[in-house]
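Two complexes, one shared chain (chain A), two partners (chain B, chain C).
Take a look at the complex of A and B:
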C-alpha cells in the first residue's frame, strides 16, 4: 500500500470547476475521496457532487471518523485526490492516524473570522495556528489554487 | 419562460448582451456572474432572490459546465416545480429559448433548446 495521495487538498467548495477540469487532468486522478462530516449525512448534496465529476472518476464520500477505513480500502492512493473542507478537518484526520505528507490549500472563502492570506485564499488566526502545528509535525503545507500557479509554502511563524 | 444564466467570470452577462444584439430586448433572461471573489453562498443568495420574485413560474437554468460552482448551486434548486438546468450553454441555445416563448411545457422547451444548441456544434474544414 502506498501512503502518498496524489493530492490532499483543503477546499471549502469541495469539488468545483478547478477540480473537475485542471486538477483531474494534471494528476490523472481516478478517484476523489471527500471527507466531510456534513456531506456524509446529506444524501441529496452527495448526488450533486457525484454528478459534478466526469463519469470516469469514482467519487467516495465519508465522515472524518471513517477516513482511515477508506484509506485502507484504497490500493491506488497515488491516483486518489482527497478533499476536506477546513484545516480543522485535516488536523482531526491527522490525529486519528490518517496518512498525511502534504496539504494543498486550494480555496478558503472569506468569512468574518478570516483574513485574506494568499491570493483569494482567506484564513483565520485559529486556522493558521492549526496549519503551523501540522507543519511542525513534518507535513508540507502549500498554497496552490491551480496546477499552473507555482506552489507557495506556508511561512513558519 | 424565465431563464437564469449562471457562469464563471462575466460570460453570463455578456451572453445576454449578445443575445439582445440578435433578438432585441428581452425581459425574462437573468444573468448572474460568478466572479473570482464570489462565494457559493453569495451565489445562492442571488439565485434565491430571483426565484422569490418568480413565485411558481417555470425556470430554466443554463450553466457553463458540469461540476462548477454555478452547476452545483443550480442543482440544489431542481426540486422546485418546473425547474430544469442545461449545462454547457451556447448562444444558439439562448436565441432559441428567446424565440420559443410560446412553448408552455418546460420539457418541450428544453428539448428544443438542446437541439438548437447541439446542432450548432459542427466542424468546418476545407474539402
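Take a look at the complex of A and C:
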C-alpha cells in the first residue's frame, strides 16, 4: 500500500500535454490512476486515455466510489500519480476515507460559475470553500501547473 | 510570477549593464568589421520577433520562426551576415532543444534569445560559441511579456460573447485577431526593436573593452557557452533517458567520436533511424493489443463539402492561438475555426447564436493532432443540423473528453519528437557537424528544418482533421490502438538518444589547458583525457547536468545562472598550463 502519492492532482483535462511531457519525467511516474465517474462509465474514452499514454505508463481508471477500494488493493511501490476532475471529487474521496496529504491544482478551465484565480486556473466560490475545508483538515493545497513554476499555496479566506 | 527566474535574469542583466557602463566610459574604440544595427534594421528585428509569435505563418510561427536556428538566419540576413547568423542561431538553439511549452506554460523564450541574442552577438563581433552565454539570460526575460499577454487577452472572448449573442459570425471570426494582434505587435515588437537599437552599441563597446582589458572574461563566456550546450542536451535527455533506450545515447556518442572530423549529422540520423526500426522489431512482445474496427463509418449527411471542412482547417491552422489567453486558452480560436461550418449549417439567428456560443467555451489541445477533435465535432454539428438528436452536452463532452489525451500525444509527437529531431538535423547541417571553430553556417540547415516541420504541421494536421470528420470517434481508437503510436514513440526515443549522443560530440566544446608536472616533464591534462576517451569532458558535463536536473531536482534556470558565473570565474588564469607556441609554463584558466 502506498499512501504517499507522488502527486495528487486536480485537473479537469485529466491527462494532457503538461502531464505527459513534464510531470511524468520530473517525478519518474510509472502509473496514473484517474478517479472519475464520467470516465468510469465511458468505455470509449477509457480506451482513448489508455492508448494515448506514453508506453512506459500504466493507466488505471475507477469511479469515486471504488477509489478507496482500489487504493487498498494496491500493493505497488511504483510512483503513482492520482488525477481527479474537480475539488468536489477530491472532497468526496476524502470523505469516504481516501488518504490525502497534499493536493496539486493543475488546471481548471473557465465556466460561467468560475472566476480566474491563478494563471489559467479558474475556481467557483463553492469550489474555493471546498478547498479551504480540505486545507482545514490538514491537507496541503497548492497551485502548480508544471514543476518549473514555483508552487503557490491556497490563501486562507 | 516566477520571481526566482526574474531575479536571476535581473542579476545577470545588472552585471552585464555594470560591465557595459564601465567599458563604454573606458573605451572609445570600435570593431571595424562588426555590423551595426541601424533604426530600420532594429525595426525589422522587432517585427520578425513579433512574427514568430503571430498567427500569420500557418502555424509555422511557433514551430519554425520561434526557433533560434531560424531566427539566427533571419537576423543574419537583415544584418548582411547570413552565414554568421545561421551559425550563431544554430549554436543558441542547442540550449532550447528540450524546450517544451505545454498548455500555456513557457519556461523561457527561445525566440527572444534567438532574435535579440543573434543581433547583439553579431553587432558585438562575438564568436559563434560564446554568443550562447550572451543569449541565454535574454531568453529568461521573455516569460514576463508572456504573462502580460495571456492576462490582457482574457478580455477578448467576452467581446466575442457579445457578437455571438447577436449571431454575428463575421465579427466572432474577426475578433479572434483584430484586437490582440496590434497589441501583440506593440508588446513584442517594440521592446525588441528598442533593445536591438540601443543595446547593440553598448554590447559592442563592452565586449571590445573586455577583450582588450580582461581577456579571461571572454574565455569565460566561451567556456560557459560550452557548458550551456551540455545543459541543453541534458534537458532533452530528461525525456529520453528511459529504461531500455538510454544505451543508444552512448552508441551515438561513441560512433560520432570515432568519426572525428568526418561527422555528418544527416548520415548519423540515417543510422539512428535504422537502429530505431531494428529496436522496435526485435523488442516487440509479439502480441499487440488491437481494437478491430469492423463497422463502417456512417456516411456524412452531405451538407458540407470538402471545401467547407478545408476552410475550417485553414482558419484553425492560422488562428488557433491568435487570441490565446489564460481564461479560455484556445476557446475563441476554436469558435473562429467553426465559423464557415456554422454559416453553412445554420440559418436562423437563434441557431447561429447558439452554435457560436457552444464553441466559445474553454478549449485547449495540441493544434496538429488535436485537429481530430475538430473533425469529429464538425461531423456532429452536421448531423445535428440535419435533424439528428445530438445535445450540446454530447458535443462539449466530446471536446472536453478528447482535448486532453490528444494534446498529450500531440505534444509528445510534435514538441517532443518532430521539432527536436528536426532541429538536431537542421543544426547539424547548419554547422557542418562541429561547432568548434565554425564561423559561417550553411543556410540549408534552417531550410531543411522548415521543410521537415511544415510537412508534419500541414500534412499530418490536415490528414487527421479530414479523417476525424469522415470517420468520427472510430478514428481515434484505430489511430491509438494496436501499439501503432507507441511503436513510433519508441522509435523516436531510440533515434532521439542516438542524435543527442552525436550532438554531445559536435556541439559541446569543452577542453582544458591545465597541465601537471610529472617528474621533470609537463603534461597537459587534455592529452591524458584524449588518450582515455576523446570528448570525455563534454559527455561528463552532459551527464552531470542531467543528474542535477533529474536526480537532484535543480531547476534549469538555477543551473543556467550557475553555469554562466562558474564558467567565467573558473576562467580566471591562476592554474598552471603550457603555452602552445613557446612551450613555457604559464598561468591559464580551467577551461580553454
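The definition used in the following text is that the second predicted complex is superposed on the first by the 152 of 157 C-alpha atoms of A that agree within 3 Å, B and C clash if a C-alpha of one lies under 4 Å from a C-alpha of the other, contacts with A are read in each partner's own complex, and residues count from 1 in each chain.
In this text, a residue touches a chain if its C-beta (ideal position, glycine included) is under 8 Å from a C-beta of that chain, and two chains touch if they have at least 3 such contacts.
Owing to the predicted nature of the structure, the values given are computational and were not obtained by experimental measurement.
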Inset, instruction - Judging by the criteria at the top, classify the pair chain B and chain C on chain A as clash or fit. - result: clash
Inset, instruction - State whether A:148 touches chain B only (first), chain C only (second), both chains, or neither. - result: second
Inset, instruction - Based on the superposed arrangement, let me know which partner A:22 touches: chain B (first), chain C (second), both, or neither? - result: second
Inset, instruction - For A:156, decide between first (touching chain B), second (touching chain C), both and neither. - result: neither
Inset, instruction - State whether A:138 touches chain B only (first), chain C only (second), both chains, or neither. - result: neither
Legend entry - Partner with the higher number of touched chain A residues, chain C or chain B: C
Legend entry - chain B versus chain C as contact partner of A:56, first or second or both or neither: second
Inset, instruction - Based on the superposed arrangement, let me know which partner A:110 touches: chain B (first), chain C (second), both, or neither? - result: both
Inset, instruction - Between 188-196, 458-466, 512-520 or 530-538, work out which stretch of chain C sticks into chain B after superposition. - result: 458-466
Legend entry - Shared chain A surface residues [contacts with chain B and with chain C]: 13, 15-17, 19-21, 44-45, 48-49, 51-54, 109-110, 120
Legend entry - Touch list for chain B against partner chain A, complex: 8, 36-37, 39-41, 65-69, 71-72, 75-76
Legend entry - Residue ranges of chain A touching chain C (in the complex, touch as defined): 12-22, 25-26, 38, 42, 44-45, 47-49, 51-56, 107, 109-111, 116, 119-120, 122, 145-146, 148-150
Legend entry - chain B partner contacts - residues on chain A that touch it in the complex: 13, 15-17, 19-21, 44-45, 48-49, 51-54, 109-110, 120
Legend entry - Contacting residues of chain C [partner chain A, same complex]: 2-4, 100, 102-105, 107, 147, 150, 154, 238-239, 242-243, 291, 326-329, 361-362, 364-366, 397, 400-412, 415-416, 473, 476-477, 480-481, 485-486, 489-490, 550, 553, 555-557
